[in-house]
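Which chain is which? They are A, B and C, in the order written, and residues in each are numbered from 1.
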């Protein structure tokens, strides 16, 4: 009796969990599988100097909310997988910049589900890995994403060169009057009459700045005019390279005019590299020595107004020129003439009147007309919702 | 009358200088507490930083010298306070050669002191100065360690926890450049254009107008234009973070908000002189016309 | 001992900017025309290498460490470093001559020389003792740092502060309604000056009842200012930037191809 009761109790105990867990008698649901990434590729990153491999993949559908894509890498001969990165879903790509040219790598991506309260997966479950073909990085011959700017550069250069050729053929070219450049001779003549010097400030940037090169080109012309009229020239410099270049420019100009005897080393001098110490020195020179003509031509920063206003207070005729839009208003307000933007770069050609140089100015204007056309087409396209035009012209 | 008009037309500039000096000095000694409205460029910058996640890495570049420190220091300080309040990781670097390193060291030391729970090397780091501006920016695109192998104290950056998960500027969420001159523009045309990293710029007021074109074209994520921009930012972060608000209200140090009182007064003086000049100009023309 | 790194880029740069100028200089002693062509050839090479590196990412050309283009940037820094002593020698020569001959402004030349030698001495002292030119380990300033913090920085700020005064005097003189363009400049300038600061509230400060109206008007002015900066200013700035960029590109092409030579002091027929 007691044995039968115990056996029955034992049967109940064994049957009970099954009865409670599976009232209908079906198996418990299997944990959901973590999916694998799709279409995984590893290739050399295009358009670079090497040492980079581009990994791309597609996120699988039904990705758990807290999933993360793990990336691992293996390199022969050890072929051991090492962790490389973890990326959030939706990114779809990763660039391995720790790769080195000459090595062959294999990559593996897999999905890991962290298992938070929202997930129904097992905590830390990992999906099946997808392994790439062997990949190696190398440097490339061309940056494809810059094709549009390459074409634009080629077109622009071609227009300039054709215009120069046309100018060489002897066709007369019209260049509009630039008041500031027409006043250069007047300014130097005024300084000669008054027996005072010409002060030339070539900006505060170094000689690798194209505005400084343009300024040195104008300095060459002004030095020649000074040599011709016997006017004293003073060119204080802030940058040592500009100082060296300016000195050679002025020396060559005086030599070319056949007046090497008038050239003095102290005409072109170096002051200091500090921006405001240089400004203070130049301003002091303007006030004490009262040059009759001030040329402020080149790349200027905050010191532009200080110099221009000080020069204005001494009564000198002032011709300024810069391509920096931030300083232009100050020059316009404080100087008699201002070369704005491209007029500074055209000055060398304008002053020399050489047909070849004038031809390049015309080419530049043709290129600007083409840009204007693109701009108008782009505005109309954007107005009508056509975006590919702007996308094609976008550069990286 | 003619004599008076002549005198007004040719006021000795020293009178102008005198009134300018007065208009700057008095509001600094006697603060007026004038209200400051927020421009969209500053709001963009603030909203961008607010949208970042705790733990994101940002780069703060000191690209200005002592001459523009009154404008740029409040921007750099405000940005760093904002980022540390949002638990972002702040990497500081210096690309301007003259005097910027000293300014960066001072700001990092001061802000670090204000956030005692933030750890140097984990929450913020000062990489110091590197010569070569554009070359450095290009290098940052490949590897921060290549551009700055050590921090300003000589510690290898590979040993610093702040760079966990960050190898190059591509993993940085935003670059804030407090700039004078061209360096700010290079961050946009080099770093943003080539590596896609968003850039917020804090230029001096004189350079700010040229950056509106970059904002319109989407190349900038925001701008703090001059001292006004810095004051707007201080106000925004003061409203959002009460601790910062209390700091800005109570500090005796110079802030952009205090500077705005002086700027308002000086604008008033300049406008008055412009009006005087024009009234005298028109009156003298009328007089000449009659005679 | 590791061998020499004879990468193609390094060798090419050495040939272009090392051997070629020396050869050109030596040949130029005999033939002046070669002496004139030498800088133009160098300018071509120095210009074409960075342009090519923008489009051709080959390692020998564009690699951030080993490429010809980044190395050329470093060459510029090194050359500038060598040019700096030339500048310093020039400063000492000119200032000494001025002081000795008692030319106009000679006391300023003496001050410059004193400043140059004092700061230079502090820098050399810092290098000699190993202290450097920053803060010492105990937080105190080295002599160089002390001069920088207490003399150099305040002086820099002072000169920069002059801008405020000069801006006022320039605005007084330039903002006159002489013609239509000047009137537009005047009106836009005044509106932006008023809209960028709480000017109306400042004016209404002695008249508290007017403060709400002043605040409302200030908000409207602020929006107008933003529109002026965002639309006409942005358009004008873009136009100037595009024009200047084209001009710079055209100038660069002329310099690289040797068509523009006036920066060398050469003109027609030279």
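To be clear about the criterion, contacts are C-beta pairs under 8 Å (C-beta built on N, C-alpha and C of every residue); 3 or more make two chains touch, one makes a residue touch a chain.
Since the model is a prediction, treat every value here as computed from it, not as a measurement.
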item: Chain-level touch network, classified as line, ring, star, complete or other; value: complete
item: Selected pair, greater C-beta contact count between A-C and A-B; value: A-C
item: Subunit A-subunit B separation of Cα centroids, rounded to whole Å; value: 21
item: Chain centre separation in whole Å, for subunit C relative to subunit A (CA means); value: 17
item: In subunit C, residues with contacts to at least two other chains; value: 64, 152, 156, 159-160, 167, 169, 171, 173, 175, 237, 241
item: Junction residues of subunit A - those touching two or more other chains; value: 273-274, 276, 302, 325
item: Shared-contact residues (touching 2 or more other chains) in subunit B; value: 13, 65, 67-68, 142, 209-210
item: Interfacial residue positions of subunit C with respect to subunit A in the complex; value: 51, 54-59, 62-64, 67, 76, 79-80, 83-84, 86-88, 90-91, 93-94, 97, 104-105, 108, 152, 155-156, 159-160, 162-163, 166-167, 169-171, 173-175, 237, 240-244, 246-255, 259-260, 262-268, 270
item: Residues of subunit A defined as touching subunit B within the complex; value: 51, 95, 97-98, 273-276, 301-302, 313, 325-327, 395-396
item: For the subunit C and subunit B complex, residues of the former touching the latter; value: 64-65, 70, 73-74, 77, 134, 148-149, 152-153, 156-157, 159-160, 164-165, 167-169, 171-173, 175-178, 186, 189-190, 193-194, 196-199, 201-203, 205, 215, 218-219, 222, 226, 229-230, 233-234, 237-238, 241
item: Contact footprint of subunit C on subunit B as seen in their complex; value: 11, 13, 16-17, 20-21, 24, 32, 34-37, 39-40, 65-70, 99, 102, 131-132, 134-135, 138-139, 142, 146, 209-210, 212-213, 215-216, 228, 260, 263-271, 273-274, 276-278, 281-282
item: Residue numbers on subunit B that touch subunit A, as the complex places them; value: 13, 65, 67-68, 98, 142-143, 167-168, 170, 180-181, 193-194, 204, 206-207, 209-210
